[in-house]
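Structure first, commentary second.
Here the chain labels run A, B, C, D and E in written order, and each chain numbers its own residues starting at 1.
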Amino acid sequence: MKRFRNIGNPLYSSIAVVVFIIIWEIFTRARDIKEYILPAPSAILNEFITSGDLLLHHSMVTITETVLGFILGLVFAILLSLLMSSFKLFRSIFYPFMILSQTVPIIVIAPLITVWFGIGLIPKLIVCVLVVFFPIALNLTEGLSSYDKDLEELLMCMNASKLQIFMKLKLPSALVHFFSGLKIAAAYAVMGAIMSEWTGAESGLGIFLTRSMKSFRTAAMFADIAIISIFSILLFLLISLIEKKFIKWNVKG
Amino acid sequence: MKRFRNIGNPLYSSIAVVVFIIIWEIFTRARDIKEYILPAPSAILNEFITSGDLLLHHSMVTITETVLGFILGLVFAILLSLLMSSFKLFRSIFYPFMILSQTVPIIVIAPLITVWFGIGLIPKLIVCVLVVFFPIALNLTEGLSSYDKDLEELLMCMNASKLQIFMKLKLPSALVHFFSGLKIAAAYAVMGAIMSEWTGAESGLGIFLTRSMKSFRTAAMFADIAIISIFSILLFLLISLIEKKFIKWNVKG
Amino acid sequence: GIENTPSPSPDGTSSGAGKQKINFVLDWVPNTNHTGIYVAKIKGYFSEEGLDVDIIQPGESSADQLVASNTAQFGISYQEGVTFARSSGAPLVSLAAVIQHNTSGFGSFKDKGIVSPMDFEGKKYGGWGSEVEAAMVKQVVRDAGGDPDKVQILTTGTADFLQASETGQIDFAWIFEGWDYINATNKGVELNYIDLGKLSDVFDYYTPVIVTNEDNINNNPELVQKFMRAAEKGYRFAIENPDEAAECLLQLAPELDRELVIKSQQFLASKYQDDAPYWGMQKKEVWERYMNWLYENKFIDAPIDVEKAFTNDFLQTAK
Amino acid sequence: MRTKIKIENLSKTFKAKKKSLEVLKNLNIELYENQFVSLIGPSGCGKSTILRILAGLEKDFSGDITVNGESIKASSFQFGYMPQKDLLMPWRTVYKNIILPLEINGTQDRKLEVENLIKEFGLQGFENFYPGEISGGMKQRAGILRTFLMDSDIMLLDEPFGALDAITRIKMQEWLLKVLIEHKKTVLFITHDIEEAVFLSDRVYVLSDRPAHVIKTLDIGFPRPRNREMLSSREFLEYKDILLKALL
Amino acid sequence: MRTKIKIENLSKTFKAKKKSLEVLKNLNIELYENQFVSLIGPSGCGKSTILRILAGLEKDFSGDITVNGESIKASSFQFGYMPQKDLLMPWRTVYKNIILPLEINGTQDRKLEVENLIKEFGLQGFENFYPGEISGGMKQRAGILRTFLMDSDIMLLDEPFGALDAITRIKMQEWLLKVLIEHKKTVLFITHDIEEAVFLSDRVYVLSDRPAHVIKTLDIGFPRPRNREMLSSREFLEYKDILLKALL
């Protein structure tokens, strides 16, 4: 099995995306769609050239937020899952709050987060973590409880400590689950950073996005979205590659 | 194993939530926190009473959207996963778009969705489906490819059709994964309905939310969020219960 | 970086060290309503006052809480927002009316032939879904002698006026003359525009306004003084040199549409002060009229004390 | 007698970790209709691999294999294959596991037959247990039963009785011999028990160590039906001895 | 001779699907130090269950079990337990699977010994294969090796040689007997091969069908070290006969 586990053939994917863009271009031209309804890819590309520096500047900010937020969210998710799968009481107590954390609309509490935590990096990271941690934590928690009970017993016979059972059995068994969670989180991470900019920011792709949107620069807005998408896909691919490294034994049986 | 697979003991969970609310009440009173910064639970409760009818009215709208959106998203996710795990070419082509669909900020394309699809139920359902389908589709696709290859071979020896291999092997093997995805989606579903109201709505919890926010009724806003949370948790619990019914064999080995 | 670099100060005063850090939170994305603040930052007026001002763009929601809680010391709001905030106990105070008269109104494509509120009958109005908004639309129709129930009020959520009109989903919407109207003209779309402020005194309220909280006014008036001195200077500059002022805004918010900002700035230059004796002045009647309308329509539970909602004390202090 | 399976010059090399492992080399085996043929050979020599190739699970081999005269690469003959691992589905009860082939073929009307077989196999009372709740030997019996219900006239059995005690094993052997005659099956059988091989088979192939090829072909002259008295006959001991010598 | 394991009145009932299944009933077994004791009995009677109880994997039983004089419920004695399924971790190579007990005990300095054992067990060259890539018998040998490396002086072996051919089995038997003497191990052994039981054991317990209890205790009088000549002695055949009769 040489193929990417679940992404499919990257060649075909690329072709599909290119075809999609070409159809989009033809469609907007043939139907003479106004730019403020749906800008043509060429107009968006043009925006990349004219606003290149600016987009680069904002991208750097958002990427920093994304990377920091993703790492923090990951660490938090792992800690949480460890605690939840180790201590039933902790799980009982924390589970509802984990869900609650996802049901509060970030857009609405963004100003409150700012009020509580001030303006700056901290509220942003909080938002990023809120977005990122959940799919990872949930999948990892599920994964950590779907191991082979017989193997656990065997390890217990070997006098393995809880930590050893965890490291040698539960973690390897949870890997597929864990990476599913990571991939979902990867798809959301950049969006999370964008949302985090709602807590009050001076720069970032989210700022660029709203400014171009509210001043009716639809092509610039799409250029911004394109960058968000590209970053998200890159992050997703990165995770998929790491997954491939880790789950090679899955090749057979 | 009589416990809820991953939710923990519902009694302890309830106690935890109640304790949390009490601490919150005491905190806001002791520190004299202004209502517009953080309303006390009692103030929020009071809002439930005074705005009860209104909240009920808006809730009905949002619940309808949520249920419809969740079901549609589920169906869409299942179809997609089936196609992606059956046809490599389809997977290659569709995978990037699946990720792309998550990287476009809904708040930004909400107006465009309205422009493209008009005002009404359709754009709302599109938004709900966008939010709900992704974690399900991703987890299910992963799940559908983590079955026992030896069992697949055995079924092939029995001349089982692709459909039979799918129904009798891949699907049961994917269940844990599938339900993880469902749970993530359940936590997002109500939020998705709220977001869908950005495409233009006359009523719904999202409308109530923005209205109370813009008119500085913070307690009402929190009452609204509380309802969103309760619905989300109920949906989550429902999924967990269904999961328990399905995955009872997991009890042993 | 662009925003993170210290503001260049032509007069040589460098910002940064030793200056008091101030957060100023906007109500929306940066636009020509905010030009004075940007001018004050770029031209070093804030630095001269010993202030180091960060201009923060909020998310999609209002940022009034940030000012009420003093997370940001100053910010932009609007009369309705301040009224609501005060009615729920948030101690916001308006320091200046950025624009003397309401420059918003009802816009529609020319071919719809909507030239007076009477023409609203049988037409589709697209708004974001606020009840106050709906009540106001109905009020102007009623005032003009029409039947408010014949107006079809749709919520288009966050959809933009031009987009929604182009695809035929709405006939008219509430727009800002200095922003949406100019944008439409830029894009070659011809509009009819009915100025809300001219329809009724009640609706000629202040939008936007510069706000702070009571705490600053009572306990830190010097700070307010310093801030407003610089802000006022900024807006005066914008009145006199719209093109250069537009450049200041564009320097710190280059993501905006350049043509739109410049034209909007030229339009607003005469609107900031308009017929008032000095820039920023607020009248009690304006506050009272709109507050009473809100109260009569049950949008606030009790009348508020408008005297406390605004002050002119920090204006014209440069003189 | 018609040739059922003919394996000629079969070679198979596994490619793993850049190294390649030659498992089968020029192996020749022939099965006639209604014959019982056993394979014996050292552990890891490639017996299971032969069955997997026949069952169509390993495609990458060289040599010619025909089943009923047709090349195996072209035909889609359905064997009754029982793999070495029991491979029950952990989410299905014992009963549901057993009737899997019936479900797949869409035949649902053999309830009574299945019930009787379950009794004969000593699994009655455990129909609703999950595989994790039954013993190793019971799993194996469920596996045999499932294979039988695949209803093929050729059965490929990979150590089907390995986990059974002497008594149960005798019962199962008797059952298998009965099936051989009543249902006219052809059986290719892997075992480590030389006695079992001699008692059951018409022919025994002894395989060499890796790369496996046939080092001894022994035709067993006992008539059918067979009975346990044969086990103590001098001929039987001779057969055993020949095979044991070949293995050493 | 010191008593190593003493099982008195052991009873065990599984509760499943509202029905309860009585598996063990008043079972008594005793093992002395450095003794080799085998359990034989019908498939599904409860042999594996006894080993699981000893290994501490089933907590819910009645009766008294002492190990080295201590009640098993109080002590945390570490047995060298080899379960009936091979239970290798699919994500670890053969080598990594074998040295798992060493990893867990933190002993890393037995590389040479392990290498030699791997050779002795015929697994050299397969160290870096994954369990899915080796044969059934090889998996079983890896499992035995892993159990040995658990370094306990009591080994509980659940059909360790079931998937091995005659020759390999003999080699492994010899190895086990060598270990018994050199390392002074005590072994509790489950097998279905009566010959094997007699050849290896000091004592054989025959268990009844469910609910299992001891129906025959047979002490084997052969001296140690044992040799294969004994297999054809009259005494040996008598022992075999007694056991076979007890089983019927």
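A few points about this structure:
Keep this in mind: a contact is a pair of C-beta atoms (placed from the backbone, for glycine too) under 8 Å apart; a residue touches a chain by one contact, two chains touch by 3 or more.
According to UniProt, the chain labels map to these proteins: A, B = ABC transporter permease; D, E = ABC transporter ATP-binding protein.
Just so you know, these numbers come straight off a predicted model, no measurement behind them.
The chain with its C-alpha centre at the largest distance from the centre of chain E is C. In terms of their C-alpha centroids, the spacing between chain C and chain D amounts to 85 Å. With centres set at the average Cα position, the gap from chain B (ABC transporter permease) to chain C is 38 Å.
Put simply, the C-alpha centre of chain A (ABC transporter permease) and that of chain E have 50 angstrom between them. Looking at chain C, residues 60-62, 65, 69, 160, 163, 166-167 sit in touch with two or more other chains. For chain D, the set of residues that touch two or more other chains comprises 85, 133.
Shared contact sites, meaning residues of chain A (ABC transporter permease) that touch two or more other chains, fall at 37, 107-108, 112, 115, 148, 150, 195, 213, 250, 252-253. Annotation, chain-chain contacts: A-B, A-C, A-E, B-C, B-D, D-E (touch as defined at the top). Chain E contributes residues 52, 55-57, 76, 78-79, 81, 83, 85, 87, 89-92, 100-101, 103-105, 130-133, 150 to its touches with chain A (ABC transporter permease) in the complex.
Across the interface of their complex, chain B (ABC transporter permease) is touched by residues 60-62, 64-65, 68-69, 81, 84-85, 87-90, 126, 128-132, 154-160, 163-164, 166-167, 169, 299 of chain C.
Residue ranges of chain A (ABC transporter permease) in contact with chain C, taken from their complex: 34, 36-37, 51, 54, 57-58, 107-108, 110-112, 114-115, 118-119, 195, 197-203, 207-208, 210-217, 220.
For chain B (ABC transporter permease) in complex with chain A (ABC transporter permease), the residues that touch the partner chain are 3, 5-13, 16-17, 20, 37-38, 84, 88-89, 91-97, 99-100, 102-105, 107-109, 112, 115-116, 134-135, 138-139, 141-143, 145-146, 148-150, 176-177, 179-181, 183-184, 187-188, 190-191, 194-195, 206, 209, 213, 221, 225, 228-229, 231-233, 236, 250, 252-253.
On chain E, the positions that touch chain D within their shared complex are 14, 16-17, 40-44, 48, 84-85, 122, 128-129, 133-138, 141, 159, 162-169, 192-194, 244, 247-248.
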